[in-house]
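In order of appearance the chains are A, B, C, D and E, and numbering begins at 1 in each one.
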Amino acid sequence: MDLGTLIGIASGFILIAIGIISNGSILTFLDPASMMIVMGGTIAATLVAYPLPSVLESGKIVKKAFENKKSNSNSVIQNIIELANKARKEGLLALEEMSNDMDDEFLKKGIILIVDGTDPELVRNLLETELSFVEERHKVGQGLFETMGSFAPAFGMVGTLIGLINMLRKLDDPSTIGPAMAVALITTFYGSLLANLVFLPIANKLKVKSRNELLEKEIILEGLLSIQAGENPRIIEEKLKAFLSPAMRKPLNEGVEENA
Amino acid sequence: MDLGTLIGIASGFILIAIGIISNGSILTFLDPASMMIVMGGTIAATLVAYPLPSVLESGKIVKKAFENKKSNSNSVIQNIIELANKARKEGLLALEEMSNDMDDEFLKKGIILIVDGTDPELVRNLLETELSFVEERHKVGQGLFETMGSFAPAFGMVGTLIGLINMLRKLDDPSTIGPAMAVALITTFYGSLLANLVFLPIANKLKVKSRNELLEKEIILEGLLSIQAGENPRIIEEKLKAFLSPAMRKPLNEGVEENA
Amino acid sequence: MDLGTLIGIASGFILIAIGIISNGSILTFLDPASMMIVMGGTIAATLVAYPLPSVLESGKIVKKAFENKKSNSNSVIQNIIELANKARKEGLLALEEMSNDMDDEFLKKGIILIVDGTDPELVRNLLETELSFVEERHKVGQGLFETMGSFAPAFGMVGTLIGLINMLRKLDDPSTIGPAMAVALITTFYGSLLANLVFLPIANKLKVKSRNELLEKEIILEGLLSIQAGENPRIIEEKLKAFLSPAMRKPLNEGVEENA
Amino acid sequence: MDLGTLIGIASGFILIAIGIISNGSILTFLDPASMMIVMGGTIAATLVAYPLPSVLESGKIVKKAFENKKSNSNSVIQNIIELANKARKEGLLALEEMSNDMDDEFLKKGIILIVDGTDPELVRNLLETELSFVEERHKVGQGLFETMGSFAPAFGMVGTLIGLINMLRKLDDPSTIGPAMAVALITTFYGSLLANLVFLPIANKLKVKSRNELLEKEIILEGLLSIQAGENPRIIEEKLKAFLSPAMRKPLNEGVEENA
Amino acid sequence: MDLGTLIGIASGFILIAIGIISNGSILTFLDPASMMIVMGGTIAATLVAYPLPSVLESGKIVKKAFENKKSNSNSVIQNIIELANKARKEGLLALEEMSNDMDDEFLKKGIILIVDGTDPELVRNLLETELSFVEERHKVGQGLFETMGSFAPAFGMVGTLIGLINMLRKLDDPSTIGPAMAVALITTFYGSLLANLVFLPIANKLKVKSRNELLEKEIILEGLLSIQAGENPRIIEEKLKAFLSPAMRKPLNEGVEENA
């Protein structure tokens, strides 16, 4: 679990609920019709804006923001170094059996390409195209949530306009003005809250996670090419560690020492 | 049909209509004069902003957002592989007759260039210029709808200002204030709704579709150049499959196996 | 005449006028003092933002948005092909006399450079610098109108604030509140209308026209360099046609056939 | 003096003053406390946003927007051509004494590098680093004013919120509501006016001036490298004139002819 | 201490406090519940938007905006020149002991690489990767504060909507409208103030500081590579001084002369 995402959304809604209760009733703020306009409108507009499969996949994308794939750049580098040592001692072909234990599809694919004796330039080309495709797909996911984050407040305003126009049409009874306006404003409230507590933050979290995943894949790419070039495992390690922040490097050093 | 676009726009308007009816009358929200200001103003401004032919073409562009050109990156790759096999066995000249069955103009043009023995560098140049031109033309279409998406709310506000100023001028009868303000707000309502349910989402859908179309053309470009270079069909397949997402690749594998 | 620009601005103002009249008097919306604040403020801020000569030139720039320089990419290509044929038959020096009939300064300059036997690399350099300079100058023109499009609503709001503050100061007579607020809102109305019907659309039209002009100049540049390199006129035609959209190419084909 | 900047700011404030007087008293709009909140808040936020020395330098930067350094691209080119002629006739070393008469530090430095026989690649490197540094420094100046242009309206709104909250707290006497709101709105008025008549336009003027200054330095850079390469002064002239707009070129031609 | 940051935030809050007191009571503006909604909501959304470790580190990042790491580009250059002299006289290996006195990790790492006789291309690669990683990490810090600067006003508005809706629900007693609205507006006030006096300016200050730190590291990188290439210390000095502004260069010249 990505605790940040969970705690953030939960605590955000609890805070807002406390803010509401301290001066009124939570029931006032639960209005199914308003929710229908804001969420329904947002989803409708998103269906127009994005291909159906992408929209249907959004549930899966949201899940990604809640998952906490342990950032394993360190173990990735260790894997690469093990592969490099193996390749040094037993030749490139020995990597094939090792690849069966890996569960990273990208790493597997790269090893197979190397074992097949593919031209290094072509290996780089194929893996970089793969990489840019992953990036592209991630961007669609982020874009989906950013788009929802811009449509939600817009439909919040549309809902408020509907409420205001309906209210202004029949100003017979002044005592109804207040409650009618209150209801009208609820859609704007929903729109702002959804955009700023759910859609936009999730879009950002997806962006951060995407960057980490791409960084890992870049480490794999550089590592595999170095292995193919027959570089010294020590130099490979030095090279790949440059991708890590100093804070992340320490455990690696230890790990490698333990390994050595 | 692109179901997403259709369902999105239809359900969006239905939702808004339900939201309106639940508390008032749909007739209140049908105001031809307001529609004239918002749509008329938006079209007028767009006529100033874009060349006449582009604006007149906007109907055709909208149609594109509703069409569901089955994403056929897979069949494109299969076509390329068939061409590669043909070229291997019977030489480049044999491609000419095959090109007659293709209905992709871009692919046809590329084949003719290859068959004519054009210099590879020039083939790449010509096809890339063509590609960048297609991209440019797509961008004009997207820009048109983005522009309309920014003008619609602006003219909504202009309409509301006109209504407010007219109302404020003659505040004799307080009982008319409410209805007059209601009418004034309808243009803002139209502007927001058009922008966020129609113009901006369509602009985004056009962008996504353009990207897919360009991806296909890039696959064709790379494939043709590989054929011209006499590369092995298997390697060409490997190269082009990197352009596809893993999800899209599966059917291809099957298809190719069936083909084999 | 660029009919789009003319029709757009004219019909936009007529529509707004109809919208006003349908519910009030056009006289209410003609307020010289408000116009002075909005237009005066916008021009004053633009004088601070841009060099005096650029601002003084803005009249000439506006004219450009109304002109309809017939997009003559086709005739440009035909000119280039004629030049290429001439150069093939009679040598590069023969181009000099032909250049006298051309009225495109850029084309003329390029021909002279070629005739003078300038190094191809230098020709490209000189013409590209010229091109980037033209682009830069165009951007200043567009920027001028975009800037005015952002200042106009700002001064509209400043005007409304002045009106509101003046009104709120003396709330003695409630019957004056309405009309005073109406007057105060007129500057916002002016600002929005000017920005969205005049300044921003014109800035966009200038951008589109600039792109077309630069495309033509790029065609000339590529064409001249191909002529200098002694390329086959047929290949030059093929190369340059790639710059045109399929729709634009047809008339060229005909034209060339007629020519042939 | 840059007349545009001066006339723009002066006429802008005069126009606003006329707009105020026509319907109220200018005294209403002079509120030291409001000015303190807007200007003070803007300066405080800018102190947080930028390093102290940059903020203290802002006076000097403003001065730049009012100065009218006569755009002397023409004389720069003439200087370069004179240097080129001198170098042709008397050798590169002869440039040293000429450099003493120049007051452009950048030109001087370049000449010294050339005279010292520095490697051309290194000369380009050193001068381009210098250039990019000048650009960087200019960008800080522009950023400072853009930042102030975004903080001023924000603190205008903060001031208005303070005024509104204070007013709403004690709604005992309805007759005070109007004047209190008027005072509250004055900070928004200040913020908008400062941003749109002073900060943002000055940021833009600084950008334009920076571009001109960098253009001159680029001309010098290209010219010096051509001189070092021993190119023909005529070709150097041709090359450098491409940096000028056609309008700017005419006086140069005359000047050079006079010179010749 | 970075006096600018401290003085800016302190004087900003004092100014606002004076503005409040001049017309009301500071107590009105201290509302824990409102602060909870704005700050709590902002932090909750930030937890969703950024990884937990980055958010927890934000305290450390803030500290950076208050620290005044004396910009020591000059001493960095002097260090490099000393190293260059040492390397000239005693060979590259002599640098190792000197590196022990340095406290810049980046410089140390670079020296070790050089002493180890690492290939220059690899040294550049490793240090540039390190550099781009530092830049990336800095950007996360800036992004964190920019994000908070956009969430704070959003939750300010959410809080105001809650207050307004609660108030409008029960309009029984008109005398409570004013104070209730005042309280409702306080969250908007908090959101604007936090964003414009704290979050956004700090994000900008972090950006400026990051640029300076990266500049220093670039100077080190270029200097070390020049040392490794065995370049003349005078030329190295000339090269590195180009990274400094003229104002910063003077003390260096003196320092170097003193040193000489």
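Keep this in mind: a contact is a pair of C-beta atoms (placed from the backbone, for glycine too) under 8 Å apart; a residue touches a chain by one contact, two chains touch by 3 or more.
Keep in mind that what you see is a predicted model, and the values were worked out from it rather than measured.
S.K.: Could you name all chains that are in contact with chain A and with chain E at the same time?
M.R.: Shared contacts of chain A and chain E: no chain.
S.K.: For the sequence-identical pair chain B and chain E, what is the superposition rotation angle on Cα atoms, to the nearest 5 degrees?
M.R.: Fitting chain B to chain E on C-alpha atoms yields 145 degrees.
S.K.: CA centre of chain B versus CA centre of chain C: separation in Å?
M.R.: 26
S.K.: From the mean C-alpha coordinate of chain C to that of chain E, what's the distance rounded to whole Å?
M.R.: 41
S.K.: Among the residues of chain D, which ones contact at least 2 other chains?
M.R.: In chain D, no residue touches two or more other chains.
S.K.: Follow the ring of contacts from chain D in the direction of chain E and write out the chains one by one.
M.R.: So the chains, read around the ring from chain D toward chain E, go D, E, A, B, C.
S.K.: Within the complex, which stretch of chain B touches chain C?
M.R.: 33, 36-37, 40-41, 44-52, 54-55, 105, 122, 125-126, 129-130, 133, 137, 140, 147, 151, 154-155, 157-159, 161-171
S.K.: With touch defined as at the start, can you tell me which chain C residues reach chain B in the complex?
M.R.: By the definition above, chain C touches chain B via 2-5, 7-9, 11-12, 15-16, 18-20, 22-24, 28-29, 65, 175, 177-179, 181-182, 185-186, 188-189, 192-193, 195-198, 200-202, 204-205, 208, 235, 238-239, 242-246.
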